[in-house]
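When the chains are written out, they are named A, B and C in that same order, and each has its own residue count from 1.
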């Protein structure tokens, strides 16, 4: 009866012995990379808006403070999206007939809210609170990145649980004096290790065990 | 091929492992012909038909389950585990006999394992396949089952290794994998035989591929034996570990009737007990159907029975110990549990279990009974039922009556509980039926060795001595 | 998870819904909280913005989502922070003060208003559940004529024409029918209506109108005074068939005052004593120190006997059997010893004469003006027979009625048996067709389009009390202004608005009506200030009616009923613990709320004592036919130990007809239970003796949340397990040694005041040596010595099993309703359950209520078995349940010794289909999906908010301290900081705690906060404190205080003797 396997097939076998695990590993690696890529997390993806509002222009150019628009950031869970009225405080005088601002004026006249497209979005079982972070010395730029460099808003971080935990498991490295919280240009000092410890002390930042309790974010 | 001597003539105290008249050639013919020559009988066809229907029912009920949620089962808040877990433990247990026979007995040089090991291993694989379904299906959110495995993830989380359920995943998957390898390696020489005997080109090609180019060269044999022994060495501890961990799933809790250190050993014993019962349930009809009485002999039946007797006694001891401890511990809840088992709403299940697993198996003390295949077969079925009931008693009764009376409840299985269970039985039998028709159900190569060792395949019948166990 | 999560991930729908259903919404005035139509829409918008925090989505790629800010932010509203408004819930014409939490314009939670005299901050199930009704899509949503939708203007045109002709005849033939009315502004309106149509007549009917007590007062004082009680000074209280802890106008207040005088602490060893002689088993009865089950008809005799003992003038003694006589003697002695500090309360179910007699006794004991307070009634047209439903029905059949306007209520369903109101109405509305020449005109204004609506030609949707302006008086006359939290979701209008429009105010709106009335009534210069202050406090200062002193003449005992023959069967009617008089029959939270004692859900039943059942050859679930004067009703039987022999208790308010459009919260079933109004005659509204009871041979499956009778109670056929298998759960010092050791689980510990005084450590003793064993654990102990360590203490002396906590929890934590069939499968989802333990020793059982939420064990058995760590322990001692990590192995539930975990066997939230229903959910709490475990979290959302508040406050203060130089100032500030922290943390309440009318539940940190001990810490140090199943070493954070009884030495042991 004829032979079914040519001696060459032994090589195939040998290759497979090494190759199969490698291949499996490779596939795993790809999935692992993919699910934390911008494709999955929408990180660094610019989002189109009805009005191309430029944080770069307003923050860097005009030096408007974060809290001018995001009024409730330091005393509510929700930072607050400015009502049309806020825009109109200036734009009832400035650029009153700029085409770009037409939606704002419409909103004001027709009393219809502007529908912005959400940029930062957490799963619904995650309860994030701006108030506590800002009051304990976590600056805006820590999570939102260099907003003053963003002509259009984009999501600076992955917003994945692992990313949250990076900080909750080691808060010191991201703490700054409270009055620096809204400073977009703040740079951490070389001795952040010590500074961070002192600040954690000073602001009663809770122990890592407490910060990583499930109920800190999930209810 | 010489005429096959009838069991009746062989009912000695210690019947031979293989009946006289068996030669190298006859073994190969007998076994391979079952697959290659024998026409598909009506009975077989019917069997496949019925089991196919059951499998369709299974897929149907699983679909409905995944669509609606585990609420379609009878589980509720005091009794949050029902048929799913009972069946899981039951199937896993059944698997154990296979590994025990092929690995343990191999290492202990029990030659009588030879003609049934292939079959038992197949049974193990199929049982594990059935068992494996349940832990998955019973999850409230089955799509997240992979969270039970440790892998790097964006949540920065790991499974909780304090929970026995995690180790269950490892244990069962390892078990399945090793069993598969062990079984396949054992098959290789026989696949080659089949390849060489196959006439139909397609069949030939398939066997050829599966045989991985086995040529029976002495180097092949040498490697083969090494690998086989090695795998046996790996598989042997699994016999103990897997069901120990399943036992710990319960033992680690504080539920009265679960919270007990005796669980691991007595679960293992129970597993082998039920395993051998299942082996007997299957081989007795098979040896008859395929005329393999001379290869799977009364000796095998006898030995299986004896092992059942031993493991059965261990299990019985387990029950006794539980009852004793419930009194000795002085725990209100434990003692109440025993009380409730004896007289409670589920007392029937408990007493039935005692009858099936403790009382009836005592018959096996008698040679005459062990040689009566019909009795042995019924008895094996009874033990299978008994072992299922054991898990029912452990899970349902304990949960239905635990600490705070206000939360007591009752468990009533729904039709979906039953269809899924029946479905898996159908699935199991279907696989068995397929197996016996496409693969050599008896390890030909090993049996030929055995023939050689016994009587060179030529010794005349009258001189034949029952072989001592080496 | 995000499919059904997202209370707030609403698309525009609610706004559209709002637009459609509120046609004249543009005319809505600016409301006190600045809630105009516009701002409401904007709030809805902002609530979507909030969705980002509780926003949708899983770990997968975010889907596109809008974020919509205000155009103009309303004052006082900060996105992400709740706003709280004071208002009041009217029920049977009287108001209970509430504080309503609103989130972005959506009312989501109701609490009691501490400033309101009737609630004192507590709530009952009805207050808690009424929030569900606003969003109920089954509410009537559009005006209808002959059942088909029409435009409101069509109705007003038709009515206008009608009124034209009527005004020519001074409104002859114009009739109004409403429930009891105390609203000052509404009464004012009614008067102007009557000025316009002098011959028009206003009828009132209310199934719970307390006619007997009023009539009793007429007998006693000659006029229908209103009576309420002051339980603070009362040392001895005798309840004659009264459930004053549940069904009185001020029950919440009474419960609070009653329990405050009962709390036993090492520092406080005094408690009042309660005697209850009752014909049913009420929660008041379950609080009694001595309870006497008695036939309803015999209460009068008992009252007379007591009166005689006390020596009320003109009352002669009556012969009673030995047991009762002994009881009466002891009670009378006790009462006499407490002149002026005792109280006799008579239940509404008793005839007027008993009320009068009780008043006489109270007077004889000098309680009038001390514990019994009298004032003029504030009800509209009180006690005027010509205004009764009967006279209306007669006139209707007599053809005297031309135009009938039914304002609220459902008389077609709950009219007395002898009044065929439905028939009369049907006769009038025969030409329900749409030709305007029809001889009659009948219209119904109601929240639901119910039976009455069906029988009228016209129907108009009424506004829910949270949707419209109004005002209402409390039991003592205190007025509250009802402010709406939201514009009518389904476009309803209030009765006031209806009347306003009727008398020609073209754009009558509640705001103007109420405001203008009080502008007159307030009589103050700075009305604006008065108005704001009143709205803020939720009570109109000084509006309580002044107390008057009156004395009752000799009680006329001529028509005292004789005692019934022992073989006869009596029936007792009671308002239901869940649906009241039927007002809440459409409320699924209440329908699924296990009734006290019976633990029935979704149905009412004929409750009777096992002994009686055996005598009648009845078993649980048998259907019996109860016949009173040829009217009959068929109900299933449920057995309840402790009811007097030969007495059947029937609860009112069930079985609303199939026309009831109540696709409720879950869209579950249509009607539930049986309507027993058809056998309730107005002269026997409380009970009727000697009724016929026949078994029909039919059976009906009743569902209860557990076979609670299996808990140390006497055997009943309903228990799933036989007597032999019943473990003992209750342990008292009287429990025999044998019984103690033979498997007593010691879950409930009961001691008498005397025993406690004699041996303060007695509760620990009751735990036996199990209580003394050291608790060893293989795992290293966590360090729980720092920060906040949350714990709870539940006082079983104070818990009366009213279920307020259970419903409050359901509202706070988005707990779904699962339906009767699922409850039958033991899949109810309530995070807190109330176990009622019956003392097996007695025929008239001592009942102890034990609320069981998650125990938050320090060594939680659920935690280590979870393969994915979905349930874990927090540094603050919380047993955390992380829904989004749960894969649903359910092992935690198996391994929970207290069985407090609940599993989503199906997608129980599927029913949140309409946008309105989504609006109800609390955005602070994840809505759980199918296949995950859930349980009590100690309201972790409230804990987190509280901690954040405290931490920020502290940091702010410390930052200020740094800025300071002066040491003294620094220390002062530090001190202030500590105070502030203590105040914030102690201010945090769990939903169950906040709801509890008797403050039986106390939550807080078990460590000192800001250097001062907390409430819960002091309670846990009390010797009455113990934990359930201590020997399991689970170390629960929830602990219980033993039930303390205050038996009368003269009657010791008698509490365990019943009487027929």
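The working rule: a contact is a pair of C-beta atoms (placed from the backbone, for glycine too) under 8 Å apart; a residue touches a chain by one contact, two chains touch by 3 or more.
Keep in mind the model is a prediction, meaning the values are calculated, not measured.
A.B. asks: Determine which of the two chain pairs, B-C or A-B, is joined by the larger number of C-beta pairs in contact.
C.D. replies: Per the contact counts, B-C leads.
A.B. asks: Using CA atoms only, can you tell me which chain is the most central one in this structure?
C.D. replies: Looking at where each chain's C-alpha mean falls, the closest to the middle is C.
A.B. asks: Centroid of subunit A to centroid of subunit C, CA atoms only: how many Å?
C.D. replies: Here subunit A and subunit C have centroids separated by 46 Å.
A.B. asks: Averaging over Cα atoms per chain, report the distance between subunit B and subunit C in Å.
C.D. replies: That gives a centre separation of 58 Å.
A.B. asks: Approximately how many whole Å separate the CA-defined centres of subunit A and subunit B?
C.D. replies: Averaging C-alpha atoms per chain gives centres 54 Å apart.
A.B. asks: Do you know which subunit A residues sit against two or more other chains?
C.D. replies: In subunit A, the residues touching two or more other chains are 35, 160-161.
A.B. asks: Of all residues in subunit C, which are in touch with two or more distinct other chains?
C.D. replies: 59, 885 - these are the residues of subunit C that touch more than one other chain.
A.B. asks: Note the residues in subunit B that touch 2 or more other chains, in rising order.
C.D. replies: Residues 154-155, 157 of subunit B touch two or more partner chains.
A.B. asks: Which positions of subunit B touch subunit C when the two form their complex?
C.D. replies: Subunit B reaches subunit C through residues 68-71, 74-78, 80-81, 138-142, 144-145, 147-148, 154-155, 157-160, 162-166, 169, 252-255, 332, 335-336, 339-340, 343-345, 399, 401-410.
A.B. asks: Provide the residue numbers of subunit A that touch subunit C in the complex, in ascending order.
C.D. replies: 35, 39-42, 72, 75-78, 80-85, 107-108, 111-118, 120-125, 127-129, 131-132, 135-136, 160-161, 178, 202-204, 206-207, 209-210, 213-216, 218-219
A.B. asks: Could you pull out which subunit B residues touch subunit A in their complex?
C.D. replies: Those in contact with subunit A are residues 152-157, 195-196, 204-205, 208-209, 211-213.
A.B. asks: Would you tell me which residues of subunit A are touching subunit B in their complex?
C.D. replies: Against subunit B, the touching part of subunit A is residues 1, 3-5, 9, 32, 35-36, 158, 160-162, 165, 169.
A.B. asks: Once bound in the complex, which stretches of subunit C touch subunit B?
C.D. replies: 59, 706-708, 710-712, 720-722, 724-727, 729, 743-745, 747, 822, 825-827, 833, 835, 852, 861, 864-869, 885-891, 893-895, 897-899, 901-907, 929-933, 1028-1029, 1032
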